[in-house]
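Both complexes below contain chain A, partnered by chain B and then by chain C.
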Partner chain A sequence: VYQVFESVAKKYDVMNDSMTLGIHRVWKDIFVHKMNPSPGTILLDVAGGTGDIAFRFINYVRSVWERQLQRRLRHHQNLSWPEIAKSYQEDKSNSLGDSQVVVCDINKEMLKVGKQKAEHLGYSEGLSWVIGNAEELPFDDDKFDVYTIAFGIRNVTRIDLALQEAYRVLKPGGRFLCLEFSRVSNPLLSRLYDLYSFQVIPVLGEVIAGDWKSYQYLVESIRRFPPQEEFKAMIEDAGFFKVDYQNLNSGIVAIHSGFKL
Partner chain B sequence: GRAALSRARHGPPEEAEEEEGGRYELYPGHIPTSPLQKALLAAGSAAAALCDPYRHDMVAVLGETTGCLALPSLRDKMKHHPEGHRVLQERPRIRLSTLDMARLRGLPDGSLGREYIRFLEDNKVSPDTRMPPKFVDDEELAYVIQRYREVHDLMHTLLGMPTNMLGEVVVKWFEAIQTGLPMCVLGAAFGPVRLSARKLQVLATELVPWAIRSGRNASCILNIYYEQRWEQPVESLREEIGIFPPP
Partner chain C sequence: RCQLAPPQRALQASAVLRRVSDEQKKEPWASPSQFDSPPADQQPDREPQGPSYTGQGSQESEDYESEEQLRHRILTAALEFVPEHGWTAEAIAEGAKTLGLSVAAAGMFHSSGSELILHFVSQCNAKLSELLEQEQKRVQLGEAEKKPTDQFLRDALEARLRMLIPYIEKWPQAVSVLLLPHNIPSSLSLLTSMIDDIWHYAGDQSTDFNWYTRRAVLTGIYNTTELVMMQDSSPDFKDTWRFLENRVADAMNMGNATHQVQSTGEALVQGLMGAAVTVSEAGTRAEL
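Here is the complex of A and B:
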């Protein structure tokens, strides 16, 4: 799996846009909206390589935080102007309201691309990049408010171990969120989806990234991943409660959610 | 998961192995494709090669997916010629590991071997950078296209053309007439798009007419067992094949 993603890293984002015709951006937006993080949240984004979820998280908490600040300011209109200026100073060094995201990925190349993107797009505060294996996370117990894994868990050899690790590093009350390709139940859509996946995606891989085999592997790994209900059961087995899922685009993609109580 | 991946990455050395959909891997590196996939690949690789002329892999893929008529005809030409037939049987490969560089460099100036080495060194190219075929669904035809790719540098030597854009276009014209491969025809037609007006003039007035005349006059270039002719002077080989002296 490591070698697949080494060759895939640089063209990852281009390929995602081409394969999903840009829809993956919508899926990720919905995902972060469902998370609805409040400022001060500590997020662990696993298999987060090129940073898509992390950047969206930062944008979200920043806008929520700014709205909160504005509301606070409106209530402080009786303050003197030096006091208002001082509160600006304090807020400037804390544009995210103490929120933080740790991007963890097994692949150095993916993290490198992510770091470059962050620099290019101007993200600096609240971001950390760590190399790690989802089956054995380099973090202590009960550390994170939210654990996310977007389009990464199907590449993990022992999904049960990854789920157990997710449970371990989450604080009590913490939330597990997974965005992943899933089973399409509608037979007609399923056939069209298969046709597109097997006929078009490897061709896109060859033409854009010069790599047929990696994208053939990708399409096959999607088919091997357990369907919605089965994955839900696996999450429950790891100890999570209130496990639920939401299908996007009739099941092409699903968001699974669970809580550590 | 991992097992399927390693099977897909390391194809079988000799025998065919069953792949998805019941199609077989006919040679190492072979990727069986459906007609729809070939059509998509042809269109996609053509677009990619036009956008980025340095994507040699796309030019290669275009050649493989569009060569279904030209390749069998080339193979038959080789079969019906004594020397070509031998090439087809013995399947020689032009690679740094098989060439005796020191010996070739020691050959007299003007000989095929010496001039070939000079060409490789002057243009800083190596025969090992040719893409192996992936999408040709016949093992013999896969060799034919491989041979065509490996002989390409020898074409440069025989035609006396460098590896800049102008030189490549001239060689493509020659190859288009000789092989009829759609990829060569497209390369010959669209290659000049990126040339300056001055070069285009030289191309149109001198080089292309010469390339066409030579291409028509010459016997099939795949029918020469080049590896057995390193000592032969380039001029004599040109005469034998029927290539006119370069302008």
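Here is the complex of A and C:
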């Protein structure tokens, strides 16, 4: 798994765009919307290498926080201007309302690409980059509000261990969210999807990234991944409650959600 | 609304769901004297006597609190934050925080805040029922006099509307959410059962056409008074109570006026009943 992603790291984003025709951005947007994080949330994004989810999270939380501040200011219209100026000072150093995201990935190269992207796009606050294995996270118990893993869990050898680790590091009441390719229910769509996956994607891999094998592996790992209901049962086995899933594009991708109650 | 919890997974010790034995040491259902105080006061954490939870004790072999009960606890805790944040997921997140849960627990509910509002409404209705029950007991024991119908209705509606006072600023938002198409079934059923309750305690014995008119009339009075209350700025909502008094008086007078049209009405009703009986007899005869 490590070597696959080492070679894939630099071209990862480009390949995502071409393979999914850019729809992966929409999926990730829907994912973060479903999370609906409030300011002060601490997110652990596992296998989050190039930072897509982390950046979206930061944008979301920043806009919610700004809206909250505006609402608060509107109610305090009888403040004197030294007091208002002071509140601006406080807010500047706290543009995310104390939210934080820790991006954890097993692969250094993916993290490097992510860090560069962050600098390039101007994200400075609230981000941390940590190397770690999803089956054995380098974090203490009960630390995070939300644990996300987007398109990463199918690459984990022991999924049950990863789920148990997720349970461990989440705070009570915390949420587990997983965005992953899943089983397409519609038979016609399924045929088209198979055709596309096995014929087109490895070719794209070769042309764009110069790597047929890695993308062959990718497509096969998608097929090997358990279907929605089975994965839901696995999540429940790890101890999560209120587990359910939402299919996007009739099953090409599914978002599973569970709570540590 | 009798929702049975999914079977507990016996092997996992839940991180949050508390053991029932812990909860029973807490105070049982609040005494009536507390009803007039704002509902923001922490409700007792469990509702063991609530009818929605029948069957859970027998279902689970372990005595852990169910998801449903936890959800109720979170929503109750969230009510405290409604004046500041409105009926939103933010209020629910703050509520979860006070219970020691992560803010992400608010993700268990819809982001529109509908569940919070419905929870509040059903809590208010339950409190009203308790109040009316207590009053009825007092009358039966001879400790209090039975009120005339119009006074009774006025007092019941006033008590119920007063429960909105701590949240009155954000209540228009709540009303608009309750009117959303997917919320209408729940909000309507809560409303009708509350009105039913009030008429029941008012001693309504009617089984005829009057049953519907009374429900409709009282529902109308309640809704219009609620609207008046939302834009009332008089001290202690004096104007609202006066409006209520007038509407109830109108309704009583209307009752008298209908006596005059009753003969026509009665004939109509009897015609309908006759038709219904004929149809049902024809049906049974066809089965034979």
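Some notes on this structure:
Quick note on the criterion: the second predicted complex is superposed on the first by the 261 of 261 C-alpha atoms of A that agree within 3 Å, B and C clash if a C-alpha of one lies under 4 Å from a C-alpha of the other, contacts with A are read in each partner's own complex, and residues count from 1 in each chain.
By our rule, contacts are C-beta pairs under 8 Å (C-beta built on N, C-alpha and C of every residue); 3 or more make two chains touch, one makes a residue touch a chain.
Note that the structure is predicted; figures quoted are calculated from it, not measured.
Because the two structures share chain A, they can be overlaid on it, and in that overlay chain B and chain C fit beside each other without clashing. Within the superposed three-chain model, A:P202 lies in touch with chain B and out of touch with chain C [touch as defined at top]. Applying the stated contact rule after C-alpha superposition, one finds that A:G210 touches chain B and leaves chain C untouched.
Of the two partner chains placed by superposition, A:R56 touches none, neither chain B nor chain C.
Contacts of A:S221 after superposition on the shared chain: chain B is touched, whereas chain C is not. By the touch criterion defined above, A:T157 lies against chain B but remains apart from chain C after alignment on the C-alpha atoms of chain A.
In the superposition on chain A, contact is made by A:D145 with chain C only, not with chain B. In the superposition on chain A, A:H256 makes contact with neither chain B nor chain C.
Looking at the superposed arrangement, the partner reaching more residues of chain A, out of chain B and chain C, is C.
Of the two partner chains placed by superposition, A:R183 touches none, neither chain B nor chain C. After superposing the two complexes on chain A, the angle subtended at the C-alpha centre of chain A by the centres of chain B and chain C comes to 150 degrees, rounded to the nearest 10.
Once the two complexes are laid over each other on the shared chain, residue contacts for A:K232 go to neither chain B nor chain C. Taking every C-alpha atom of chain B against every C-alpha atom of chain C, the smallest gap after superposition is 30 Å. Residues 9, 12, 14-17, 67, 70, 89-90, 93, 96, 99-108, 111 of chain C touch chain A in their complex. Note for the complex: chain A touches chain B at residues 1, 4, 157, 199-200, 202-204, 206-208, 210, 212-213, 216-217, 220-221, 224. Put simply, chain B touches chain A in their complex at residues 1-2, 4-5, 8-9, 31, 34, 36-37, 40-41, 44-45, 47-48, 55, 57-58, 61, 134. Put simply, chain A touches chain C in their complex at residues 34-38, 40-41, 68, 145-146, 170-175, 236-237, 239, 241-242, 257, 259-261.
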